[in-house]
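The chains carry the letters A, B, C, D, E and F, assigned in the order they are written, with residues numbered from 1 in each.
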Amino acid sequence: MFRKILVAIIFLSYLVMPIAVMAEEAQAPAGQPAAAAAPAPAAAPAPPPKIDSGDTAWVLTSTALVLLMTAPGLALFYGGMVRKKNVLGTIMQSFIILCVISVQWVLWGYSLAFGPDKGGIIGGLEWLGLNGVGLDPNPDYAATIPHQVFMAFQMMFAVITPALITGAFAERMKFSTFLVFTVLWATFVYDPIAHWVWGLSGGKGWLNNLGALDFAGGTVVHISSGVSALAAAIVLGRRKGYMTDIMAPHNLPMTVLGAALLWFGWFGFNAGSALTAGALATSAFVVTNTATAAAALAWMFAEWIQRGKPTVLGAASGAVAGLVAITPASGFVGPMASIVIGVGAGVICYMAASLLKPLLGYDDSLDAFGVHGIGGTWGAIATGLFATTAINPAGANGLFFGNPGQVGKQFIAVLASWVWAFVITFILLKVLDWTMGLRVSQDEEVEGLDLTQHGESGYSS
Amino acid sequence: MFRKILVAIIFLSYLVMPIAVMAEEAQAPAGQPAAAAAPAPAAAPAPPPKIDSGDTAWVLTSTALVLLMTAPGLALFYGGMVRKKNVLGTIMQSFIILCVISVQWVLWGYSLAFGPDKGGIIGGLEWLGLNGVGLDPNPDYAATIPHQVFMAFQMMFAVITPALITGAFAERMKFSTFLVFTVLWATFVYDPIAHWVWGLSGGKGWLNNLGALDFAGGTVVHISSGVSALAAAIVLGRRKGYMTDIMAPHNLPMTVLGAALLWFGWFGFNAGSALTAGALATSAFVVTNTATAAAALAWMFAEWIQRGKPTVLGAASGAVAGLVAITPASGFVGPMASIVIGVGAGVICYMAASLLKPLLGYDDSLDAFGVHGIGGTWGAIATGLFATTAINPAGANGLFFGNPGQVGKQFIAVLASWVWAFVITFILLKVLDWTMGLRVSQDEEVEGLDLTQHGESGYSS
Amino acid sequence: MFRKILVAIIFLSYLVMPIAVMAEEAQAPAGQPAAAAAPAPAAAPAPPPKIDSGDTAWVLTSTALVLLMTAPGLALFYGGMVRKKNVLGTIMQSFIILCVISVQWVLWGYSLAFGPDKGGIIGGLEWLGLNGVGLDPNPDYAATIPHQVFMAFQMMFAVITPALITGAFAERMKFSTFLVFTVLWATFVYDPIAHWVWGLSGGKGWLNNLGALDFAGGTVVHISSGVSALAAAIVLGRRKGYMTDIMAPHNLPMTVLGAALLWFGWFGFNAGSALTAGALATSAFVVTNTATAAAALAWMFAEWIQRGKPTVLGAASGAVAGLVAITPASGFVGPMASIVIGVGAGVICYMAASLLKPLLGYDDSLDAFGVHGIGGTWGAIATGLFATTAINPAGANGLFFGNPGQVGKQFIAVLASWVWAFVITFILLKVLDWTMGLRVSQDEEVEGLDLTQHGESGYSS
Amino acid sequence: MKKIEAIIKPFKLDEVKKALNDIHIEGMTVTEVKGFGRQKGHTELYRGAEYAVDFLPKIKIEVVTTEETAAKVVDAIQNTAKTGKIGDGKIFVSAIEETVRIRTGERGKEAL
Amino acid sequence: MKKIEAIIKPFKLDEVKKALNDIHIEGMTVTEVKGFGRQKGHTELYRGAEYAVDFLPKIKIEVVTTEETAAKVVDAIQNTAKTGKIGDGKIFVSAIEETVRIRTGERGKEAL
Amino acid sequence: MKKIEAIIKPFKLDEVKKALNDIHIEGMTVTEVKGFGRQKGHTELYRGAEYAVDFLPKIKIEVVTTEETAAKVVDAIQNTAKTGKIGDGKIFVSAIEETVRIRTGERGKEAL
């Protein structure tokens, strides 16, 4: 039945497309907007915003870097941690999310998240199919780069966020249901939260309005995905054999490769979020690297002290935890603060993954909640502690710089994201469980996702 | 004998080099050309072109990205698809092409392809050894970046093109013959076609003159390599055991990693082809990503519908097909059109690889023809359908924008590339077969290329 | 005991941190320095240096690229070459150096290497904790990019250098001792040599003063690490089973992937060292690629001629040798010279790794000395031969351009680095051997570093 | 002495090992093998090439033990490795003439 | 019952399997092994370190069958696995005293 | 004929092979196996999940030889594979009824 519906949808959309193409092009943006707009009335109050080649180069590069984070970065980071029989299924989840959301974002996602504000809650449908999202800068978002670069940069954030969740339901989710879940989740969880925090076109999103700080996506990306991961781990239940069978990562070099690519790509994520290539991007770059390094060391030492060995998976996980935690703070804090944030992230996420999880007994298989939910929460709060307008005049001071109120704002943003992400994800998954079924059968789980979902083996001779 | 010839050639060239060095440096370009050229007669009609740091940053970055496409991108994409015993042989082909063509291009390739035009057919030898290719911009090609960046960017195209062909003769070609073939093919197939389409110095290449559109290399790179791949598959014949033995990919995570790196690098390929960091690069970037995502989904769904499973290799292959098809169109079409081009690419290339190939019976082992030949042809034609001057005023309108003539021009370009690539490749391979021998022996094929050609094993313990 | 010391150190530093944070922020640099500094007295003699977005974009990108060189680049290049049981231990060494030095550099390393000069020998402690290293350009080092980008770019050099050494003591070093060694080595070997060659703040480093040329780190990075590697190979002694057991690389595709990422990242290393995105970066980019390609071919052909097979590991190693050798020369020579330098590197390093090493009998396990020590030395000398002010007016001419004196200066720089690196490394290792012990036990060596040092297996099912 | 060779489904290894420990079997040797039998395999699909893979991953356990214990070993394996579905595997018993413990040179039963 | 163990060249596995199917052998177990014998190995070369690898990849097939069929099995394997070149491998026949089908507990011939 | 099956520590393989060559054993077959015995395994740690891995990597060597040589083979293996530490492994001897060389069809001793 699923196949038949697919056929129908595909053929339908393919029919509709050419019409859309023409419609779109009819009002398509000028190729060289600055030049084209030049002969406009000289008395115009504001000069048309001019594209800066350096800023554009940097944001294009950053966009590519953030794509790299999802595939191959996250795909390999997660893929190495599962058992051999699920390596393709796991990699595929990240890879196909990249494909699905790339299309969803262009068709309606961007409009919902960044389109003209409707009451601070959601963007309007005016920008469906990138209608009106052209090659001139949109100064609401970024005055020196084409609007479409901003759109593409944000697309990569919308891509990686659902991909992070897949760590929670690894090794047991049905591929078809997973696909449907991804589209729904992006539309009903990600797009609204992104609007709340970052929406700026014709009105601010409500969290933005409140003054909560989130430079590169601590709430939007990490809390939303991490908390949804917790909901998913609870709804789907544990893997067969969890806590009894050996479920060692099948390929840790693959995981380290993924972690290193995440680190590399994250410079685009955080420093790219400056949307210009200058002092702010530089500051974000430096604190990102420093926090990450500190967190990797912290996780490693915490485990070394507590369990007696410094593990490689620990160091890699710590690095990711540091990247997560510094994300919301990256445009607001200095290098010394970033060390504190990093060390905190390493220790806290280590405890979440190796103490809290076994204690509570949910099977968040690859610690999507432990790292992104907890690490993102720590980062959002820490932003309220360490932010300083000395780094970013457009930001705010945090607790340690004389503004205790900021912590409260951060707390509201955290809470709002937690509640929305958890509740909506829970509902979506329950509904999908009743309709399509969430988990593969027990036999399929034993045989592995690669063979049962995709008809392929990861490795042959 | 091959070894002795090698010795001779190497020692000879090493002797000649130092002389070349001095000659070259004698007329070497100024380090800071803009500054150096500044005190020129003030009345000069055209001011010396000025290097833009943002554009240069972007094209340098793009050049590095396109290098990444060949190695490790394509090397791993192909390497994962062969059997374990041939993994090194396959990876080596891409890696060593990068080395060989990097040198060929500097010595004579660039001059043939982009040097001063000779009758629209080929570039002259004036730029041998990069003679006269300096650090000032060459406004014929790119007015805001040093001429050598343009040369290096194009080098990476010249590198990846022959590397794409290796998919057709994987698992059976003799390494020494392969090396000679690469040099000949680059010189007699790639360099002329590149000149026809992109040659602009002192006269246009004939296809360029005709008005055929090819933004980033649909004909030059993909049709030329894909059609040559078909010729190679026919001349070399099938692998021993083709259609009877199991020839499953030995490492699909490696293949997905390669595909993802191709996607990442392709932003350099397509958006870099704007040669500036602004609106045009942005547009190319966005349609590249969109078409790729759509094509991956299309291949996956096509296979799912037809064979019952959504495969990971299918999604990865579809992504590559989408990248191929959007390449010629990437600077001329909008996002909605790119979805159509992508979906078309996914479905058409899926059919080429999984229906056409078994039907006709040639062993294009890794579908170099099915993806690049067919996908490139679809992309070149689609450019004639969907191109619009609303995106790129320097381009042209396509059929759907009121200019049916463009399809004809595209068709001529396609035909010319098909014929030239097929005929010359066929002749080159036949001659090499008679002289050096194309294939390894049957026993060597059974033992694998890694041990027999390189004396190494891919994996040990 | 080690664990207890760890606990103490960590808790202590964590206590101290928040204080440092506040101190730092109190004098933190302005977020948009150019704008902020604008309303300064108009009569100021020199205008405040302005940040160029293109240059900043390029150096940010380059910094990310150089990070990629260490992890995953070098980590995989080395990781693939060891036996399966040591893959994680080897990868971990590179990965954790990235973490350790990222912190060391921010805390004191940058200040020692680039801080206000003390007699040409070392930088002062004025810049501890990045005190005074802000977001305005520091024209001593780079006038068009924020000072912190320069700092971060240099950080990545400080990271990769000790990581290169790990090739010499692979498969046998105790992890805890290795960590301590890394910090000491960075502080007592790297930081001083970097100051000698590149120190420019308030006085030049003595080798800089002398006029020795080192564009991107031939002496600072490659000779210092390569020679230290030799010292390490001698002090640690051979691996158990060296020369008798089969010690074939366990995963050559991993090694090639690493080599290709090194090549890609090295564009940041060399072309990024121009610190601007223009003619000089372009020239460095082109010669880097050309030398690398030539060196890979040279090593391959040398081995082919001498041993009868062109190996994949040989081609990859040759590429790295070429990258090493062109590093000091990359901003001073033209493309033809780069071919000579590359071919020389390929042949010389091949001989060092496969003839010299067995002859002398030391176990430089992954040829850190053979490639970086010897290749770096060749490159530093070759810079004295082929440098020309036609490429870089700020450089000098070499022997072949009429300035034989340059070779002498290069020789002094080489000698100074050799002696300092060898002697200090030797002393550090001897002291560590007496105190903590350098090598794992024989049984641990047989069982492998992964299980004994980290409690993990690289691969499971 | 007897050698008991059992071909079982891989995910049953842990259980079987425990069952053998319970009857005081202190040593065994395990090999990853591929089995062909009544249990049908699966097909894999790569770009339209469909491969029937009829060798399935199995685990071979080898235990050498005394004649007296042999029957208990067979029973223990049969009981724990059984799922009741096709492909559960086989147990083969054969004779071993001599056993040597390499470490000590002990022979026969003491060597087990 | 007899156990027939054959060491063959890896690329012959498919053919041998088919030949055994033709004589109605419905089960077998296959292991990847390395063989050492008259067939010489190869050398590998890594940065000047030359390693002689004299263990060659081989496949071991194990079939347990009745005494009557055993000879047919041996012949079938010998005929199909043969290439005539050194390294074709060996067939070893030994006695099996008991066979149990884990799924059903059947013993003896019925268990095959 | 006898089959000698020895389970040894992996790093001893080379030495054992040489020792067998010295007594003119010209063929053997080697398998990577996992052993469980008195030698205790290790624990692995992944984000707080601690797994006890008690199967250790071992090598199984199989040599088929004549009755006369069998004892010499056992001795050669025992002497060279011995380290004196727990986990050195076992040697098992059993009977082989027939041997065939696939290449030639030779049977019995000539086939070895």
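One rule holds in what follows: a residue touches a chain if its C-beta (ideal position, glycine included) is under 8 Å from a C-beta of that chain, and two chains touch if they have at least 3 such contacts.
All of these numbers come straight from a predicted model, not from anything done at the bench.
> Quick one: which chains contact chain C and chain E both?
Touching chain C as well as chain E, we find B, F.
> Name the pair in C-F, A-D or B-D that forms the same interface as C-E; by residue number, over half of the contact pairs must coincide.
More than half of the contact pairs of C-E reappear in B-D.
> What's the distance between the Cα centroids of chain A and chain C, rounded to whole Å?
33
> Where the CA atoms of chain B average out and where those of chain E average out, how many Å apart are those spots?
Chain centres of chain B and chain E, defined by C-alpha means, are spaced 47 Å apart.
> So how far apart, in whole Å, are chain A and chain F when each is placed at the average of its C-alpha atoms?
Centre-to-centre distance between chain A and chain F: 53 Å.
> Quick check on chain D: which residues sit in contact with 2+ other chains?
Each of 31, 44-46, 53, 94-95 in chain D touches at least two other chains.
> Return the residues of chain A touching two or more other chains; collapse runs of consecutive numbers into ranges.
Where chain A meets two or more other chains at a single residue, that happens at 52-55, 57-58, 61, 246, 248-249, 251, 307, 309, 311, 313, 455-457.
> What chain-chain pairs meet the touch criterion?
By the stated definition, chains touch in these pairs: A-B, A-C, A-D, A-F, B-C, B-D, B-E, C-E, C-F, D-E, D-F, E-F.
> Across the complex, what residues on chain F touch chain E?
It comes out as residues 3, 17, 26-31, 64, 94-103, 105, 111-112.
> Using the touch definition up top, name the residues of chain A that touch chain B in the complex.
My answer: residues 3, 6-7, 10, 14, 17-18, 20-25, 28-34, 51-58, 60-61, 63-64, 67-68, 71-72, 75-76, 79, 87-88, 91-92, 95-96, 98-100, 102-103, 106, 129-130, 135-136, 145-146, 148-149, 151-152, 155, 175, 251, 254, 450, 453-461.
> Using the touch rule from the top, collect the residues of chain C that touch chain F in their complex.
Residues in contact with chain F: 241, 244-245, 446, 451, 455-457.
> So in the complex, the part of chain F that touches chain A is made up of which residues?
44-51, 53
> Which residues of chain D touch chain E in their complex?
That would be residues 2, 6-8, 31-38, 55, 58, 60, 74, 77-78, 81-95 of chain D.
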